[in-house]
Each structure stands twice: as C-alpha cells, then as structure tokens.
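What follows is a pair of complexes built around chain A, which joins chain B in one and chain C in the other.
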Partner chain A sequence: MNPADSKKLDGLEKIQGRAQFTDDLTRPGMLHGAFHRSPHAHARILRIDVTAALAMHGVKAVLIGTDLPIAYGVLPVAQDEHALALDTVRFVGEEVAAVAATTREAALAAARAIVVEYEVLPAVLSVEDALAETAPIVHNERRKKTNILRKVRREYGEVDEGLERCEVVLEDTYYYPGSTHVPLETHTSLAEPDGHGRVVLHTSTQIPHHLHIALARVLQARLQDIRVIKPHVGAGYGGKSDPFATEICAAALALRTGRPVKFILDREEVFYAHRGRHPAHMRIKLGATSDGTLTTCDFSAHSPGGAYASYGVVTAYYFGVFLPLPYRLENLRFETSRLYTNHPPCGPKRGHGAIQPRFALEVQVDRLAEALGQRPDIFRLGNLAPPMSETCNGLRITSSAMGTCIEEATQASGFAGKHNQLPHGHGVGLATSAYMCGAAHPIHANALPQSSVCVSADRSGRVAIFSGTADIGQGSNHMLASLVSRTLGIPLRDCTVLEADTDLTPVDLGAYSSRVTFMAGNAALEASNKLCAVLLEAASTKLAMESEALVFQDGRIASATDPDCSLAFSEAIALAEQTHGTLTFTGSYTPPRIGSRFKRESVGPSPAYSFTAQVAEVEVDTQTGFVHVKRIWCAHDCGKAIHPGIVEGQIEGSVYMGVGEALLEEQSFHPSGLHRSPSILEYKIPTIHETPEIISILVEEGDPEGPLGAKEVGEGPQLPTVPAIANAIYDACGIRLTEAPFTPERVLKALEKLEKTG
Partner chain B sequence: MLPLPPFELHQPVSTAQATALLSDLEKPRIISGGTDLLPSMKYGLFTPPHLVSTRRIESFSAISGTEEGLSIGAGATLSSVAAHPWVRRHYPTLATACSTVATPTIQEMGTLGGNVMLDTRCLWYNQSTFWRNALGGCLKCEGEICHVAPKGQGCYAVHSADTVVVLLLLNAELELASVRGTRRMPLESFYTDDGIHWASLEPGELLTRIVLPPPPRARLAFRKLRARGSIDYPLLLTAVRVDLDEHNQPSGGRVVLSALGPRPIEVSDVSESIAQSKHEEAAETAWSQAFPLPTHQWSTPWRKKMVRVEVGRALAELS
Partner chain C sequence: MNKPLSSTPSLLEFEVNGEPVQLLASPQDSLLDCLRDQLGLTGSKHGCDVGDCGACTVLLDGTPQLSCITLALEAKGTHLTTVEGLSQESTPHPVQAAFDEKVAAQCGYCTPGFVVALASLFETNPSATPEDVRRCLGSNICRCTGYTKIIEAAELARRRLQGLDT
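Our next item is the complex of A and B:
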C-alpha cells in the first residue's frame, strides 16, 4: 500500500477539529429542543398541561404524544414506539413532551414547566415480574396480553438422545448483565424545513435509510419530502441504530415552527435512550462423547429487555442461532425469549445478542475440556467445523481460519507454557467465537440490493464515490475509497466519498450487523470494475494493446511489461467519455440465497463469518478481589485486511469494550425502575489504567466472496473477551465466575466459597 | 452538556475584599478551581446567585516552606502542591495524595483548599435535578428521607477528600478569615458527623491557608481505594503514620480512614499495635471501628472488608 494511502481518510480533519459533527452545525433562527421525561417506570398519563410552558419567553412550540400518534419501530414486526408517550409511560426517562425555544436554557426551563398528571401503575422490572400470572402488562394495546415480545424454540438434531450418548455433560446457569454503549457523541439532530413542506434532517445515526422510512411514516410525509443526512458521527456501537425521539421531534417541530430545530441529548438522557446490551439469564447443558467430541448443546436465555422492542425480536434469535459456531455440533436446542419490562429499551450493542451466549458457551467449553482432561486449546482445535461446511442449524460456513487463529493466539501468548502453570493469582484463559458479516435477510424483506454504490469519474481524474453507508468513525469511507482507488490504480486522496445523504446517495441499509465492508465493499468493487472496463477499452484502443496486457497503477494505465507505454488515468477518462458519455457506474450487493435448508430461518444466515481466538492473561488480587487484565492476544480472521491499522483499531476497541463488560459495566436500577448511575462518572467504563496491552494478530487467509477477500472486524473481536477473562480467572485462582461483571466483591465471595468447600 | 444556572461572578483581589463580599452578598458561594462546584451547580445541587472567586487573590496560590513548617494558600492547585520541592522533600505523602485526586487535568484546576472544602457525596445526592425529582429527593437536597439509612435521623453523605486524611496525620491547621477577623482551627475539629452541615464554618468565613507544622519524626503511607485507576472518588481512604524513636524504631502511630461517613475517622487504640509492629492487630482494630453505609454503588460489606486489607497494606509499605 502506498504510505500516503494508509492515513485514514478523515483522520486529519478530525484531529484538527475541522470535521463537522451534527452539533457543529448551526442555522440562522435555529430553535433548541428539550424533552419533558417521565419520572415513573409505569404510569397512565391522565392529563398534560403545557399552558405555562407555552407562555414562557422564547418558547415557540410544544408537542405531546397525540401530535405524533403513528407508532413506529425499526423492525416491521414490532412497531410499538411513539416519539412521545401516547397515553402510557413505560420507563423512567421516557419522553412525554418536546419543546422548541429560542435558547437551550429556555427550552429546558419550559420542559420543566410542563405539568403531567399520572396514575402510577405497578412496574415490571424482572423476568419473574414479567412472567407472573398476574403481571401488569407493559403493552396493553397488543393483541396478546403477555409481556413476551418474542419466544423462540428450536431443535436441530436430537438433543435428548445426543446428551444420553455423551460421556460428560455439564449444566450451569449464567447471568450476563445489561450494559450501554457510551458513544463519545451524544444523540444530536438538526432539522431544517425548506418552507415547501420538505424537511432535511442532519443526525447522528447509523441507519439513514431505515430512519428515512420511519420519519415518513410518523410524519405522514412522502419519502421524497424527507432528506436524511448523516454528518460525522462520534461513534454508535449499535446505540444509534433505531429511529429516536430526538430525530422525530426535531423534524416535527421544524415543520410545525417553520424554523430549524436542534436537539442534543445530555449524557444522562443517553442512558434513557439506551438500546444497549440485553441482560440475559442463561442455562446451558453441554455434552461431549468419551473421545472428546463436542456433540450437543441445550441452551436457554431470557431477557428482561425493556419497554420497547427495538431489535429485540432479532435478539431472541441471535441468542441461539450462533451457538454452533465455530464447532461441529450435531445437536442444538435453544429456548430464548425477549420480554417487555419497564426499563429503558435494550437493543443492539456491538456483538448483538451473541456476546451473552458466547460467555456461557465458552466457559462451559473450558469446563468440559477440563473434565475430559484436555488442554482448552487442543479440545477446541479438535472440535472445529471445517471451512466450506454447514452447521447443524443450516448456517453456511465458507472461509474459516479458526484453527489458525487459535494457533496464532496461543503461540503468541505462550499459552501452553502458562496454562495451569503460573503462580497462584496469575492465569491465562482462551476463548473463541464467530460473527456474521451482515445478515443475509434484510430487515424489510424484499428482493432489492442491500447496498448500492455509484462511482463517477471526472475528467480531472478525480473519482467520486456515492454510498448510503454510514461512516460512524469505524472507517467505512476509507474502506470504500481504498477499494475503488486500488482497483483504479489511483492515489486514495484522488477519491471523494459522498455518503449517507438520502437525496444523493444510493441506498445502503446502514452500519449494523457488521455488514458494511462485506456488502458495500462488494458494491463498490462492482461499480469500479465497470468503470475499469470502459477505461481499459479506451486505453487499449489508444495504446494499441490488448486490454489483458494493461494494468492500473500510479495514476496511469500502463503496459504490464513496458512502463513507458502508458496513458494518464485522466486521459483515459476523457477518451472513454467520448464514447460513453459521463462515466458513472453503479454496483450493488445482494447476498446469495443461503439458509434455505430450514425454511423458517431468516435470522442467522450471513454471506460469511469472521472468526476470533483470544487469550487473556490476568492477575487476581486475592485479598481485594480486583482483577487486572494484563494482556490480551487477539487473533482475528478478517479474511483480508483492507487497512491493517483500522482493523487493529477495531480489534482494540472491541477488546476494550469487552474488558469493560467483564470487569465494570452493569445497568443497575433502583427498585422504582430508576437507573442508578446515569453518568459516566458512576457508570464505569475502563480508563487507560484498566485497558490491557492488546496484541492484535490479523489472520488473512481470504474469503471467496468478500471484497478483496475481506470479512468483518467491527464486532466479532469483542465476543471472546469476557469468557477469555473468566477462563483466565479460573486458571489464576480456581474460581468459575458465572455472573458478569467480575467485580472484586464477586471474586472475593467466590474465593471464600472455594476456601470453605475446598 | 448541561447548562450552568445563571450567577454573578465576583473577583476580589484581596482577602479583605473577598470577606467583605461574602458578608454583603446574598447567599454567596466561594469558587476556587470550580472542579466540584460547577458540576454540582449543573446538577442543580446549588444555585447561588453570587460566586466569589479567589483566583485573583495573589496570596491564595502561595506555597512556602520553612523550618517552622509549611503554608499552602487555599487556592494553590493540587498539581502545584504535588510538584512543590518543599512538599516533595518534607511531606511526600501529601504530594502523593494530591496526585490521586480525580485526573491530572482536574489537578491542574482543582485546589488544595477546594479539596478540604469538598462537599460530602452520596449515590443518592450527586445526581441531576430530574433524577432526584424522580426519586423524591433526599435529606441533603429537596427531600425528607435518607435513602442510605431510611430509619435514621441524619444524612450520611460521605467525606471524599483525598488529601485530608494525610493533612490530618500531619496535624494541619486551617486559617479562616471573615470580616470579623482571622482564626486558626485544627483540621481534626473541622468536620462534623452531619452530612449536610459537615464543616464547622461560621457564616461569611473563607478558608485562606492550610498550615502544617514541621514534619513529624514518622513515616507516612496513603492509599486510595477506587473503582478505576483514575477519575474516581474514593471507596476508602487510608492514611497511616508510624512514629519513630531516636533509633528509628516504631514508637507508636496513627491510622485515619475516610470515605466511610461524613467525616474522616481517626482509629483509636491502635498506637500500641503499631509500636509493636503488630500490623494485623492494627488492621483488625481499624476494621472493627469502620462502618460504611450504602452510599456507593459498590457493596458495603466489601468496603468494610477492605478496611482490614488497606490498613494492613499501608502498614506493610512502611515496614
């Protein structure tokens, strides 16, 4: 790679403070929005009095639930939300009214002046609450009067018979807590009306396209009359993958007042917007035969998932469908559910729905290896599903470098020499995982491409790439520019990426499910290959050479054997344009038809899976219970790294987030349903002191369908972190922790119990 | 970002001007580094109409060490105290304690006087106006019950000033000024058992200096237990002092703990154990006198257990 091309496309402008995030945008006459929020976890709204608020200086408009009566939700099967509570509030912090005023201070003061009378209802705050026979119903408007959003039960193979044939069967319960994303940038939206009924929304989102659809629905507007633009985004981690009240109310208030309206959440409000990790109460029964073959898994997971569905239906499936990966399981049964409770709604967080079961599975695999007298790495290596195979639940595995990942991570860490051999209090642990590269079946079931990219060549030699993808800091713009510039043999800086503007860019479904590199990358390659073809044709004619003998490099189209025989890239464009007119080409990506063996299964199939192995080395302070994660070696099968530096960044970010969930993070609520610590002082994410040394190992064996062989890296590397740390704690001091996070108190309690029982 | 409530800022250039303002203005508050006051104001814990800043009073940032001891202006930043050669040479444990407050950037703004005057803290109190209203407030702010001890009468918000446990072992005195004059008060009688009225301060009084006698013939250790390696307020503060005789042998000692209740506590009956280097016994004594309450996210029984561990480790550092 050209050294200049290794600099992240938007790195300099971000470092220099030039990059425009939504809150950097201001408009003449702009109003500021603020919310009035529910202090109750569950209550009926009896009366809302906005008279005093409307009379306050600077206040231009107030909206309440009945102003936006149409329900929405990111999934077509779960349209259960309103931007402002309609007649019932379902969690502490839910938006009840929205104000637009000339200053933020005036908006906040007016929001406080709104008077709401409630009839407080009993709240549902646990799995037991939700399933009780006399349980209050969180969504009384649903046809089914239960708190079960979705229950999934599946069996592949013959689980009971499989378990009977096993030599060793181990059963345990696990608990994984809820956690939240904590993106640096809080949710921010600026809506501008054009005076003719159109509205332009600049917003910090991961899903411009889905948001576009939701806005049109709620505002009862034509799609053509709504334009969603995503400026630079200060990260999402899944937390900006739903339509939010900020977005809908900004647009609605802009249309109501005829003035631009900006909303920015404060940090506490982000904890209420949430959509974070689902807590999961899990039970796993895992069995292996006497020869050490892992054959059977029986699993259940139930999640008190909060007041609205978000992606919760999908979560219930994700809890189960990835369990066979990366092993050669024969029999799998799972029963999972996502319940409604009166908490801020859970949703997708990095490694959506797969992180929790991975904790249970990988600790259980470690236990099984021990029971069979095998080293954890050898046991895992002996049970891997091979490349080009299919799991028992019909997931198509194409490329897999899982074995290489385990070997690389264990070799680099010296696992064999450390496991079971370090002094008391010191230990190493291994865990593995796999994750999807986008979902084969889109949220809105249709036959349309999931991603389209348009590439347009200017006579100057500059190439513009139009894409609906959402770069949220992860570097997808760089990925697009890198693929296109490499195909065309031009410097990366000669590419302009225009992204995430629903007026200008072709549809991409958004930055979630680790889909962007695989899907938008392939679309970009297809578009640039079409451009290549016409340039090659022009160059071949001009140079009087066979097109097969020509290569794109250094901004020229040249003979592969005689560098003096060449044509400048811009000349080739001018020549091709004479024949073809303006050079604009499109490419798109539709996943192959996969996952059809089990007709009902639309969740889980992906065009490819990434694989990860991690070794954690920890030191446990057996007097205080503090766990110090010293180092984590992460070997990740990313197919091919389009930009190794960005791949390493994603690995480091994933591991960092995993360490936070392993040691510190937990959504915790007061018995009233109030979040106990909605601030980043008291909701503890790791500082640099808690962040281990992270050794990233890129395993690049290539994927047959990935763009230049690439697969995902944004989420997969987080999956093994928590179980690797749990397994390392066991190696260090003999305690099996089955509840995360591994707080000093939990560690000490387990050590005391171990001492008592021997 | 939360907006600050409106206030008028006063910037006197002398102690006399400052005390006059404190006497004349309605409900003034003193602002030094502002690192605790401003976030609290954003949370609506205080909405003072007037802030009197000590930043322009020259003597407030002065640090001077002599044979007679050490004088630190209340406005000296924590980083300037930690970096001061006299402090580093004669009171190194104080420098250590200053360097554990919050983060390095906050130490650049936060002051030693501000740390001495740090408001007591509680899980139920240091929250936004919305949050407190959803809960119905607490004794210290807007409410009528204490969520930490619902059957109790008082407020148990926690003294959380890192430097104070060390200043206590160094026998610090506070210089307080008002329009009525200047007085000195031993730090050990400054704090009270009441989480709301936690300081023995008279109306209109301003902390001007922290004064230390010459360093004792002793070794000191300071430990701060916190959730993470930076930023966090303490879960437990431990300072121990081993007094030395002319042969540099332990002759007695003291243990001060904090982050347990509204004021730091000096452990009693511990000197003899320290003199005899019975560290486990000293740690046990400290443990038996510590009674943390559920004022923090982290478990109360665990915090109590940590008293024994932390005192033991502090003593071990000195042996």
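Our next item is the complex of A and C:
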C-alpha cells in the first residue's frame, strides 16, 4: 500500500478539528428545539396545556403528539411509535411535546412550562409483569391484547431424541443485562425549509434511507420533497439506526415555522433515546455424545425490551438463529420472545441479538469440554462446521477460517501452557463466534439492490464516488475509495467520496448488520470495473495493444511488460469521453438468493459470515472480587483486510465494548421505571485504565464473494469477549458467573457459594 | 410566572490561538458555547456538558481545561488554545501527525480533546514517561478505539518529541 494511502481518508480533518458534525452546522435565523418529557413510566395523557409556553419570549412553535398522528417504526411490521406521545406515555423520559425558540435556553424554559395532566397507569417493568394474566397492556391499540411483540419457536433436527443420545447434557440459566451505546456525539439534527415546501434534514444517523421513508410517512410528504444528509457522525454502534424524535420534530418544526431548527439531545436524554442492548433471561441445554461431538442445543431467551418495537422483532430471531455457528450442531430448538415493557426502547447495539446467546452458549461449551475432559480449544476445534457447508437451520457458510482463528489466538496467548496452570486468581478463557455480513433479506421486502454506487470520472483524473451508505467513523468512505482507487490504479487522494445525501447519492440501506463493506464494497467494485472497461478500450486503441496486456498502476494505464508504453489516466478519460460521453457508471449489489430451504426463514441468512476466536487473560482479586482483564488476543477472520489499520481499529473497539459489558455496564432502573444512571459519570464505561491490552490478529483467507475477499469486522469481534472473560474467571478461581456484568459483588457472592459447597 | 433569564453581557477580551479577541459574553455562557457559537471554533465538542468526557478540552494559559464547565468570563485576559490553534492545515502538530499515521481517529468526535490534552502534556513535561501519557489519557473518553491506537499514536509522538524516534 502506498504510505499516503495508509492514512484514513478523513483522518486529518477530524484530528485537526475541521470535520463538520451536525452540531457544527449553523444557519442564519436558526431556532433551537427542546422536548418536554414524561415523568411517568406508564400514564394516559389527559390534557396538555401549552399556552404558557407559547407566550414565552422567543418561542415560535410548540408541537404535541396530535400534530404528528401517524405511527412509524423502522420495521414495516412494527409501526408503533410517535415522535411525541399521542395519548399514552410508555416510559420515563418519553417525548411529549417539542418547542422551537430563538435560543436553546428559551426552548428549554418553554418545555418546562408545558403543563401535562396524566392518569398514571400500572407499569410493566419485568418479564413477569409483562406476561402476568392481569398485566396492563403497554400497547392497547394493538389488535392482540398482549405484551408479546414477537415470540419465535423453531426446531431443526430432533432435539429431544438428540439429547437422549448425548453422553453429557448440561443445563443452566443465564442473564445478560441491557446496556447502551454512549456515542460521544449525542443525537443531533438540523432541519431547514427550502422555501418551496421541501425540507432538508442534516442529522447524525446510520440510516439515511430508512429515515427518509419514515419522514415522508409521518410528515405526509412526498419522498422527493425531503432531503436527508448525514454529515460526519460521532459514532453510532447501532444507536442511531432508528428514526428519532429529534429528526421528525426538527423537520416538522422547520416546516411549521419556515425557519431552520436544530435539536441536540443532552447526555441524559440519550439514555432515554436508548435503542441499546436487549436484556435477556436465557436458559440453555447443551449436549455432546461420548466421543465429544456437540450435537444438540435447546435454548430459550426472553427480553423485557422496552416501550416500542424498534428492531425487536428481528432481535427475537437473532437470539436463536446464529446459535449453530460456528459448530456442526445437528439439532437446535429455540423459543425466544421480545416483550413490551415500560422502559426506554431497546434496539440494535453492536452484535445485535447475538451477544447475549453467545455468552450463554460459549460458557456452556466450556463447561461441556470440561465435563468431557477435553481442553476448551481442542473441544471446539473438533466440532467446527467446515467451510462451504450449511448449518442445521439452513445458514449457508461460505468461507470460514474459524480453525485458523482458534489456533492463532491460542498460540499467540500461550493458551495451552496457561489454561488450568496459572496460580490461583489468574486465568485464561477462550470463546469463539460468527457474525453476518449484512442481512440477505432487506428490511423492506423487495427485489431492489441493497446497495448502489455511482462512480464518475472527471477529465482532471479525479474520480467521484457516490454512495448512500453512512460512514459513522468505522471508515466506510475509506473502504469505498480504497477499492475504487486500487481498481483504477490511482492514488487514494484522487478519489472523492460523496455519501449519504438522499438527493445526490444512490440508495444504500445504511450502516447496520455489518453490511457495508460486503454490499456497498461490491457495488463500488462493479461500478469501477465498468469504468475500467471503457478506459481499457480507449487505451488499447491509442496504444495499439490488446487490453489484456494493459494494467492500471501509478495513475497510468500501461503495458504490463513495457512500462514506457503507457497513457496517463486523465488522458484515457478524455479519449473514452469522446466515444461514450461523460463517464459515469453504476454498480449495485443484491445478495444471492439464499436461505430458502426452510420456509419463512428470512432472518439470519447472510451472504457470508465472519469468524472470531478470543482468549482473555484475567486476574481476580479474591479478597475484593475485582476482576482485572489484563490482555485479550482476538483473531478475526475478516476475509481480507482492505485497510489493516482500520480493521484492527474495529477489532479493538469491539473488544473494548465487550470489556465494558463484561465488567461495568448495565442499564438499570428504579422500581418506578426511572433510569438509575443516566450520565457518563454514573453509567460506567471503561476509560483507558479499565481497558486491557488488545492484540489483534487478522486472519485473511479471503471470501469468494466478498469485495477483494473482504468480510465484516465491525461487530463480530465483540461476540466472544464476555464469555472469554467469564471462562477466564472460572480458570482463575473456579466460579462460573452466569450473570453479567462481573462486578465485585457477583464475584464475591460466587466465591462465597463455592466455599460453602466446596 | 417564568421570568426571562437575567443576563447582562460583559466584554470579554482574551487571546485565542494567537489572535486578540473581543466579544460579549453573558455570565452564564460556557466557554465552549462562546468558542463554538461566537468564534466558529467548532473543533471543541459537546459530549456531556458536565465535565465527564473531555471532548471540549482546550488550553487556558497552556493548562488543559474542560471548556463545557468553564464560564466564558473566566477566560478574561488569558491565552487560549483550541485544537484549531495547534496546527495549520499543511503542518499538523506532531501529536496530530502521529494520530494520522496510527489511524487513531475513528468517528473523530473525541479526538480534538485527546490531541489538545497530549499536546499540553508534552509541552509542559518534555520528559513525560509512558505512565505520564496513560495518566493524561485517563481524563478523556473514547468509545470507538479501545484506546489502542490512541496509545500507539501518543507513544509515537512522545518518542519523536523527545528525540528517541524520527
């Protein structure tokens, strides 16, 4: 790689403070928005009085729920939200009214001056509450008078018979807590009317396209009258993958007042916007035959998922569908549910729906290995599904370097020499996982491409890449520029990426499900290959050489054997333009038709899966119960790394987030439904002092369908972190922790129990 | 009745990134809001507004300060440096160059705060040790990188500034 191309495309502008995030944008005459929020977990709205607020200095408009009566939701099957509560509030902190005023202070003061009369209703705050026969119903407007958003029950193979044939069957319950993303940039939106009835929304989102659709629905506007632009985003981790009240209210208030309106949530409000990790109450029964073959899994998971659906229907499926990976399971049964409760709504957080079951599964695999007298790595290696195979629930595995990942991670960490051999209080643990590279079936069922990219070559030699996807810091713009510049043999700095602007860029579904590299990457390759073809044709004519004998390199199209025989890239563009007109080409990506062996199975299939193995080394202070994670080795099968530094960064960030969830993070609530810790000080996240040394190992065996062989890296590496740490704690001091996070209280309690029972 | 917020602006004179600046600031204005809204210096960010995250870090007379919990009027008569003042576009500060080389910025929202804090450390303690660097970085939160590349970048900058590395 050219050394200049090893720097991230947008690195320096961020490092120098020049990169523009939504809150850095300002407009003349801009108004500021603020919300009035519910103090109750569940209540009927009897009356809203906004007269005092409207009369206040600087206040230009106030919206309440009935101003935006059309329900929306990111999933077509669950349109259950309103930007402002319509007649019922369903969690503490829910938006009830929105104000636009000349200053933020005036908007906040007016929001406080709004008077709402409520009839307080009993709240649903646990799985038991939600399923009780006399349970209050969170969504009374639904046809089904139940708090079950979605229940999924599936069986593949024969689970009861399979368990009977097993030599060892272990059954346990596990609990994984809810947690939240904490992106440093809070949700921010700036909407401006164009004076002709259109509205332009600049917003910190991962899903410009889905947001575009939701805005048109709620504002009852034509799609072509709404423009969504995503400036730089101060990260998402899944937390900006829904349409938010900030976005809808900014747009509605801009249309109402005819002036630009900006909303920025304060840090406390982000904890109410949430859409974070679903808590999960799990039970797992895992069995292996006497020869050490893992055959059967019986699993259940139930989640008190909060007041609105968000992606919750998908979560219920994700809890179950990835369980067979990366093993050769024959029999799988799962029963999962996502429930409505009166909490801030859960949604997708890095490793969506797969993190919780992976904790239960990988700890259970460790227990099973021990029961069979096998070392955890050997046991796992003996049970892997091979490349080019299919899981018992019909997931198509193409490339898999799972075995290499386990070998690399255990070798680098010296696992064999440490496991079961370190002094008391010190231990190592292993866990593995797999994750998808985008969902094969889109959210809105249709036959359209999931991603399109347009590549346009200018006579100057500059190439513009237009993509609707969302770079949220993960580096997808660099990925696109890198693929195109490599195909065309030009420097990275000669590529401009224009992304995430619904007026200018072709549709991409957005930055979620680890889909961007695989899908937008393939679309970009297709577009640049088409450009290559016409440039080759022009160069071949000019140089009087067969196009097969020509290569793209160093900004020239040259003979592979005689470098003196060449044409400048810009010259080739000019020549091709004489024949073809302006050189603009499009590429698109539609996943292959997969996952049809079982009817109804549209959640889980992906064009490829990444694989990860991790070893954690911990030190447990058995006096204080404090767990110190010293080091984590992560070997990740990313297919091929388009940019090794950025890939490592994704691994490091994933492992970091896993360490937070393993040791510190928990979204918890008072019995009233009030959030216990809605600030960065109270909701503990790791600083540099709690973060272990992270050793990334890139395993690059390539994927046959990935762009230049690449697969995902943004989410998969978080999956094994929590169980690897749990297994290391067991190795250190003999306690099996089945509830995260592994706080000193939990460690001490388990140690006490161990001492009593021996 | 809700009274309008009482605030009589007063004149604030200070030096920002080497330039003398005069502006009107109200008693309740934060230094961060003043920099962003009045001077257009948007490199310093709102992350928490209560001093928890470090994304708003600036240098007040060379000392790192959380501008979100500093009143603008406290900056009277000081020399203030923001991330924008550390470099010109063509010549990034050595800390910035190291961040660029090590790919230490992902979303980039926390990055200016880290860069400013490190630049100050190396300025005030030319013989800073790796342990000093870790202690310094403990004041800032990054949610993307796991701090790994930030530590690598800081270490590269430290070694270069101390003449241990080129």
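Simple rule for what comes next: the second predicted complex is superposed on the first by the 758 of 758 C-alpha atoms of A that agree within 3 Å, B and C clash if a C-alpha of one lies under 4 Å from a C-alpha of the other, contacts with A are read in each partner's own complex, and residues count from 1 in each chain.
Here is the rule we go by: a contact is a pair of C-beta atoms (placed from the backbone, for glycine too) under 8 Å apart; a residue touches a chain by one contact, two chains touch by 3 or more.
In this text, all values refer to a predicted model and were calculated from it rather than measured experimentally.
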For A:689, using the defined touch cut-off, is the partner it touches chain B, chain C, both, or neither? Pick first, second, both or neither.
both
Does chain B (first) or chain C (second) touch A:266, or do both, or does neither? both
Classify the contacts of A:681 with the two partner chains as first (chain B alone), second (chain C alone), both, or neither.
both
Which partner does A:105 reach: the first (chain B), the second (chain C), both, or neither? both
Message = If we overlay the two complexes on their shared chain A, which of chain B and chain C does A:649 touch? Say first, second, both or neither.
response = second
Requested in this report: Name the contact category of A:61: first (chain B only), second (chain C only), both, or neither.
Outcome: neither
Per residue count on chain A, the busier partner among chain B and chain C is C
Kindly classify A:527 by the partners it touches after superposition: chain B alone (first), chain C alone (second), both, or neither?
neither
* **Partner chain(s) touched by A:550 [first = chain B, second = chain C, both, neither]** => neither
>> Under the stated touch criterion, which partner chain does A:18 make contact with: chain B (first), chain C (second), both, or neither?
In response: second
Chain A residues where the chain B and chain C footprints coincide 105, 112, 266, 679, 681, 687-689
Seen from chain A, its contact residues with chain C in the complex are 6-8, 10-21, 23-24, 26, 52, 56-57, 105, 109, 112-113, 181-186, 232-235, 237, 264, 266-267, 472-475, 643, 645-646, 648-649, 652-657, 679-681, 685, 687-689, 691, 693-694, 696
Per the touch rule above, chain A residues touching chain B in the complex are 37, 39-40, 92-93, 104-105, 108, 112, 266, 268, 623-625, 664, 668, 670, 672, 674, 676-679, 681-682, 684, 686-690, 743-745, 748
Chain A partner, complex, touching residues on chain C are 2, 4-5, 36-37, 41-50, 52-53, 55, 82-84, 86-87, 89, 92, 96, 99-112, 115, 134, 137-138, 141-151
The answer for chain B against chain A in the complex is residues 1-3, 123, 127-131, 133-135, 225, 227-233, 297-299, 301-302, 305-306, 309
